[in-house]
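In what follows, structures are represented as structure tokens.
The two complexes that follow have chain A in common; it is paired with chain B in the first and with chain C in the second.
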Partner chain A sequence: MATTRTATRSQGRWIPSTCGMCLHGCGIKVYVENGVALKIEGDPTNPDNLGKLCPKGNAGLARLYDSTRVLHPMKRTNPKKGLHEDPRWVRISWDEAYEIVARELGKVRRDDPRKLLCALGDFQRILFWGWPAVFGSPNFFTSLGNYCGGSYHPVNGCVDGSFAAINDYEYCNYWIQIGSGDGFSSHLHLSGSAKRMADARMRGMKVVSLDPRCSVASAKADEWIPIIPGTDRAFVLGMAHVLIHELGRYDRDFLRDHTNAPYLVKEDGDYVRDASGKVQVWDLKANAPHAWDEAPSGSMALEGTFSHQGIKLRTGFQVWKDILLENTPEKMAEVTTVPASTIRKIAKEFVDAAQIGATMEIEGKTYPYRPAALNYYRGSQSHGNGLFDNMTFKLFNMLVGNIDVPGGHLGVPLDHRGFFVSPGEDGMLKPEPHQLHPAPPFKYPPDSSHLMEWFPIGFDAGHLNAETLLNPERFGLDYRPEAMLIYHSNPWWNMPETDKIEEIFQQMKFVVAIEIQETESTQWADVFLPDQTFLESTLLNCLEPPAVTGHSLRQPVVKPLGDTRDPYDILTELSERLGFRDDWNDLLNVVCGFTAKPQYLLEPEKRHSVDEFWDRYARSIYGEEKGLEWFKEHGHAVRYRTPEETYLAYGSLRIPFYFEFIKRTGDEMRQKFAEVGLQDWPLDNYKPLPFWKNSQVIEDGKAGYEFYAITFKESLHTFADTMVMPWLTEVSEKDPIHGGILINSVTAGKLGFKTGDPIRLTSPGGSIEGPVQVVEGIHPQVFGVSNAITRDVVTNKQVKLRGTHFNRLLTGSMKYTDSATGGLESTARVRVERVKR
Partner chain B sequence: MARLGMVIDLKRCIGCNACTLACKQENGTPEGISFSRVITEEVGTYPNSTRTFLPTLCNHCSDAPCAAVCPTGATYIRPDGIVMVDHNMCIGCRACNLACPYMNRHYIEHGLLEHGYNSEGISPMEAIKFADFDEGTNIKCTLCAHRVDQGLEPACVVTCPTDARIFGDWEEEDGKLQRLVKERKGWTLLPEYETKPNVYYLDA
Partner chain C sequence: MPIANVAALGATRKMLGFSRSTVKFEGGTVADLLRQLPTLDGSCLYERLVCNGKLRSDFAIVVDGLSLKADQLDRQLHGDEQVVTMAIIRHLAGG
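The block that comes next holds the complex of A and B.
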């Protein structure tokens, strides 16, 4: 008989834990026998992913057991630094490693703590991201969250106090997907989302996918609509035009009663207020302005242009309606290359499916029922006018009244705390654009190298380091960074303008890296502090799960390999040696919410262990009975969000249709910049409503850059970590879409290219080379670069190096940055040439 | 008696390869060998093109040509229909590799088990999994017989994010497999080879 000794056979045991192969953290169980981990499966008791696991999660063991992991602290002995310079590592003790780091960082801290650049990228330990602040450095030298979230998170936070968003898998019937992998290939706990999406499609939900490339979503959709990158907003503005100006179909009740769309604004864009400061609406019965909270809802005008005391007044809704006059499907077709008839057709199907006016009862409560929604993510809004992209997508959803109602477009909270809901001004929900840290006050000269003080509604624009640090005078930066702390982040790889970033790396006098494996960035490290994989360490995780809430425990399933340490220990030890352990504990007390529950406060003078820390964290949220021991046994406290937690969390507070808060913030910034005499800083995008304007990328077309280049992500890989894992690259290498630079067959024919030909793409920012891969499924004006084309520094020799580095095509300057949010442009205009070999 | 098999719903499948990787870790197959794979193809012409995803595994054919050609009887069909190889009896003649029209037989070359997926040596996990294999013999998908014998579903089935793989018994009258194939007009790969596959597909 055949014999097998494979995983699930014999005497080992299953240990519940949390996946760490991407940032989200699905529930897992790991089979361990005689101290060896043999199998990872999804945890069927966890309603987040229901026992499912994506291919990355299924590859976790290969990371744990990769022989090229760094398992001991090391110091560099080659003073010369460079991407392909051997650091000539030598093994040292933890004590020596800490001593060197504390000595070097101590010098920096005593001199000027801002001279430390920090690249923190471990999302599942987001509670520790304040370490640099305690050190005294405001600097964020990485670009990981900014690509997707630069404009996305602030707008979600302003609209309904959410961090992310997704359509309602349970009740949606008509799902427009724009530049996103949700439910198909990436984002928000992929395995559970994929299950929910598949179930929705099987019950008959229609999916329409807009994407320059035939993504998985597009391949599985009922309809794929190819579009020029960065023009998705134009498509949606065209659809809004159709709903408002052609069909006259939108949810007037929702807009009037649940948003500030009826609030009157003057031509300067400010609200109309009465003598007491109250915002005015137009009372149709009295034919006069009235305070927003005094006018009867039935007589409140949603739209209209009025005249009062000789001043022209319009409702916020009317202002957008007037803007949309220009955005005819015909005009938007010219921008997007999508036929006007398609724009009209999708708009009509969408509003038909939305069932404006319908209600549904869930658990005894009646909700509006709007089973049509538009979902979007990185591809459609990570652009130079990303704020307008996000606003447009939200407003289009608002037109059918589907925000946070069954079937509609749902906010996804950052974590277990749920939506950030509190009363703001003028009857509105308080905008929460900064959910990861408090919005920094304006400052000139700025303290931070990424200019966070100049983006009061933005997500940290790490990519701006390329510009500021090489031209510090221009920004008034009155110090020069000398040291860098890298903690599970790869800024050399993830930032645009690699050559400039490399120059900054070269300027560093000291670099310390906390990492699992060597990366491009750790090539510059002086000391390497080895981190543990997710199968060897401890934390509690709850990071933007759709549908569910609650923490899942990561716990060591095997004895850590080699002499590695938990980053909590590393950061705490460094705090102690640098003399700020008390401040570090104080900060953790604040970010963990212990200050509100003093029995769990970390004592400033005490050194708490990893387990002690997470035990307090667990008990502070789930009660005395549910400490770390409870989690070790049960694995998680994840449960479905209740209808009350999911739907209409904003209650009677109005949500922004007219983004007055953003306009006002811009006015304040203008004044602040004027006060310090800085006139040329761009502030154009602080607008209350979105409209179409050509991006810098479109303008670049006039300078001879004929094509567009995009990058894309599919389920086998993240954008960095997994590309060095042979289990995964062996599979991705077999799929033609990961084989090279994707070119439409017609374009390839015109250019005389065939699959395998070496080509060079050149953008205003830089150039990359790679082999041609001729396909049908990409817009003829677009080149596509997969996330699976491997990295420059790969230690596992089983991985074939291909080194096509998309980010080199991007530009880190303000010209390619949303001036309001700091979101960066992730599409490039390129020209192409054959590489002569 | 049972006749175990699978229905793969191509409408649900998103080609993510979770099955490929679940199989990789469950069975610990050596470099270059995957019992479970997803074949991805582009069809049509832009803009009316799309991508198709076809997850594959051994079809555990009732008339398995690999078993028929096996000179030593190493390849055999279990009473529950699972096609297995007894590596102690396999002489590595590779007749089965030629006989299987689905390319689901895998020969372990000499030297292959000396390294795993690492730059050097084999990992502690591979050391355990590789003990199931012998160089110079043939291996194949066992429908996770070691799991099935414990009442568990195959690894590729339990991990599938979209529930595209449905495991069951064809002998069950009006069971889930029979019902799905009837309702949605299921089909098999390469029917012209008349191998009587026990893996059926449902249209996308």
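The block that comes next holds the complex of A and C.
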């Protein structure tokens, strides 16, 4: 058998391409023989993933050849809709499918285009997410990204023009990991990051992991610190207290010369300005205020409270220092359950490792060297006060001067364009909270059903649809969506308040889905347009690359199965039939950046093929010689970012320690809401500095919800797709952490639960049921639910339905939403009860 | 008389009635060019895109790859520049 296989393989060939099993797109090579893809491996020539591939990527063939894929356009024949209602699909031609969709969406567009609600989840085709805008709809109906990055991305954009962030794998020696799988199990470019993390550990880097659960990162860390969910900020505030008030160790030079920490503020929080409008600092030699760009650096006060003309003035740094007075390790220990001694120990280890004052030379240039950094992601900041979480983690890093320097905490750009760097006001880097699209101006009544006009520094808070669409009048919405377009997204699964999402689905008169397989959400579809997998379609991808830059090509390695089509073709055909292909081409001209190189502009009157479109995109970025054909041969143009692109890319522009921009935005919003008579809209998180306040989740504890519930993922699964793939579910089913609702053995003993017992968790938002899985590695007050057990509709009979859908526990209202960013609370308070078998 | 290669996208294309055109114009600034681009409604692009001498916040103009700020309409054009006019799309779905 082996001999035959080897002999046959010699007839095949390896084709370079890009993985599509998550958004980040590792470089791959696919072995194809006689038109059949037989093996996927990491591409060793791609410096992004260094030849490595995660379990999802290795299982890619299972998506291509999944017997339950939808391979032809279909229409529903069962008018009754519901989660477990058989749509009774019948096969139709593409022409008939397009005709139905164009007819139904055309009616909506002529009536009021805002009545179309779109759920777009194909991150690798983020360039196409503007399709609803050319249709005329501002609506965004999914919280796929908001769930994780609702507060994370805007804060990164405000601090250094980045989209994400990661510690410096190459030079960091002391890595604090809070609620993140970076380098271990998830988030930014896992395959390459895991290799980089392993290399860093081999050279001696220490990792401390804070997590309610003994995650992969925690299990492999030098130290795991279990913590109450959503209290990570309190832990870090406690450490900041130690650095400033107990040890007196922080990078004064960095804070004074590279941030706005020395800028003077009044008691109302506004900057102090002179008659010409210049922001003032305190000149210690003159003992008087001085313009920020005129005071000698050496005499500029970083901290202090001053009086000038009878007015009390403080530096921005002093304001936070005063806030931190009450965040003693003892008080933060009460919130987090982490002992005060541990908070002090980690703070000291961190500042010791940071080597404040050290420099290093890279390629002839001298940089500050700060080999200690705090890294974080969803678990620690996707909370109702997520803005404060993110600000706290950034400020803590700033205390040792490690932002964007070797060894420290580095911004990660959205894509190949690098950091968004331009001068802002008062010597600052211009804040860029919105990098996917410009913030729409305030409007009442709002146009968008997710109230985008009310979140000028926020992301698209799709989960608010659960509130607004069922009570449109309450929010001033003067219309109600009637149709939905789902494009590789599963809002039923990825949104909180599942019952309300179902109600919204039920309200839709028409639903069209562009998908690879049936999902919970496509149960409501009237027409199913079959998408192609990443092994059959074309695109160029570069998203959130932590160490590299440049595009990788996804190309068809086999002939597409059945009668599926590339989404570019589908959206272009729909645009044509709906009468706005010219606008669609012009939108692509804008989002692809062709406006900067007009020779590549798509002609509005012409229909461009998939290859023609991506060829222009490639040449517009890499020059005439590197078009699509070049990429087909070479696979990618990915290279390491240079030190200049990685470290201090914004030069001498200051970054915000004191988030005056956010405070000012809040003031403007208050005025705008007052002008339209809306007094009760929450705006309390528009603050210039973070502090501790109880979240709604903590408050829910007073109503009898004794425990916390969290969800988590490992490298096997991401988003919804992978949980219906037999290869992957077979692996995850063998791991007890995906076996049921995780509960600490001590808590299980007290409650009389043992593994396998059916239990119900009930939160203020809803309830879920599942079997108990007793483990040691979880905080005693916490229940854990793996994302591997959350799907409810699976067409592949080899995959077991679990249906323990964590999101049913979450609430999408403003009480559980960050009022400044729109970030969603991803933790719930729960009570537990045994369920009769 | 300078020449500008004008590409009009989206809403500005509909205002002007063309998508690409090589335009000869008098004067030398972007504002001069906009004043000499007639719109289908009998006005000119300057009237539609400019308010109190500044580019409206819902439009953008790109000259040779660089986006103009609202108060940069006095930017000199020396001839043969690529000028792209467009409406800003603020509601791109994101996440």
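Structural remarks
The criterion applied here is as follows: the second predicted complex is superposed on the first by the 827 of 837 C-alpha atoms of A that agree within 3 Å, B and C clash if a C-alpha of one lies under 4 Å from a C-alpha of the other, contacts with A are read in each partner's own complex, and residues count from 1 in each chain.
We adopt the following convention: a contact is a pair of C-beta atoms (placed from the backbone, for glycine too) under 8 Å apart; a residue touches a chain by one contact, two chains touch by 3 or more.
Quick caveat: nothing in here was measured; it's all calculated off a predicted structure.
Looking at the shared chain after the overlay, A:D569 reaches neither chain B nor chain C. In the superposition on chain A, contact is made by A:E730 with chain B only, not with chain C. Residue by residue along chain A, chain B and chain C are tallied for touches, and B comes out ahead. Once chain A of one complex is fitted onto chain A of the other, the partner contacts of A:D122 are absent, as it touches neither chain B nor chain C. Looking at the shared chain after the overlay, A:D447 reaches chain C, while chain B stays out of its contact range. Of the two partner chains placed around the shared chain by superposition, neither chain B nor chain C is touched by A:D257.
Of the two partner chains placed by the overlay, only chain C lies in contact with A:V591; chain B stays clear of it. Contact with chain C, but none with chain B, is seen for A:E605 once the two complexes are overlaid on the shared chain. In the superposition on chain A, A:D582 makes contact with chain C only, not with chain B.
For the contact definition in use here, the chain B contact set and the chain C contact set of chain A share no residue.
Every residue of chain A that touches chain C in the complex is listed here, in rising order: 118, 120-121, 129-130, 132-134, 137-140, 142-146, 436-441, 447-448, 452, 459-460, 462, 582-583, 586-587, 589-591, 595-598, 601, 603-605. In the complex of the two chains, the chain A residues touching chain B come out as 1-9, 33, 36-42, 49, 51-59, 61-62, 65-68, 184-185, 190-192, 194-195, 197-199, 201-202, 214, 216, 218-220, 224, 226, 714-716, 726-728, 730-731, 734-737, 744-746, 775-778, 780, 795-798.
Contact residues on chain C toward chain A in their complex (touch as defined above): 5, 7, 9-10, 13, 19-20, 57, 62, 65-66, 82, 84, 86, 88-95.
By the touch criterion given at the top, residues 11-12, 14-18, 20-22, 24-28, 31-32, 34, 37, 40, 42, 44-47, 49-53, 84-87, 117-121, 123-126, 128-129, 131-132, 142, 145-147, 150, 152, 155, 158-164, 204 of chain B touch chain A in their complex.
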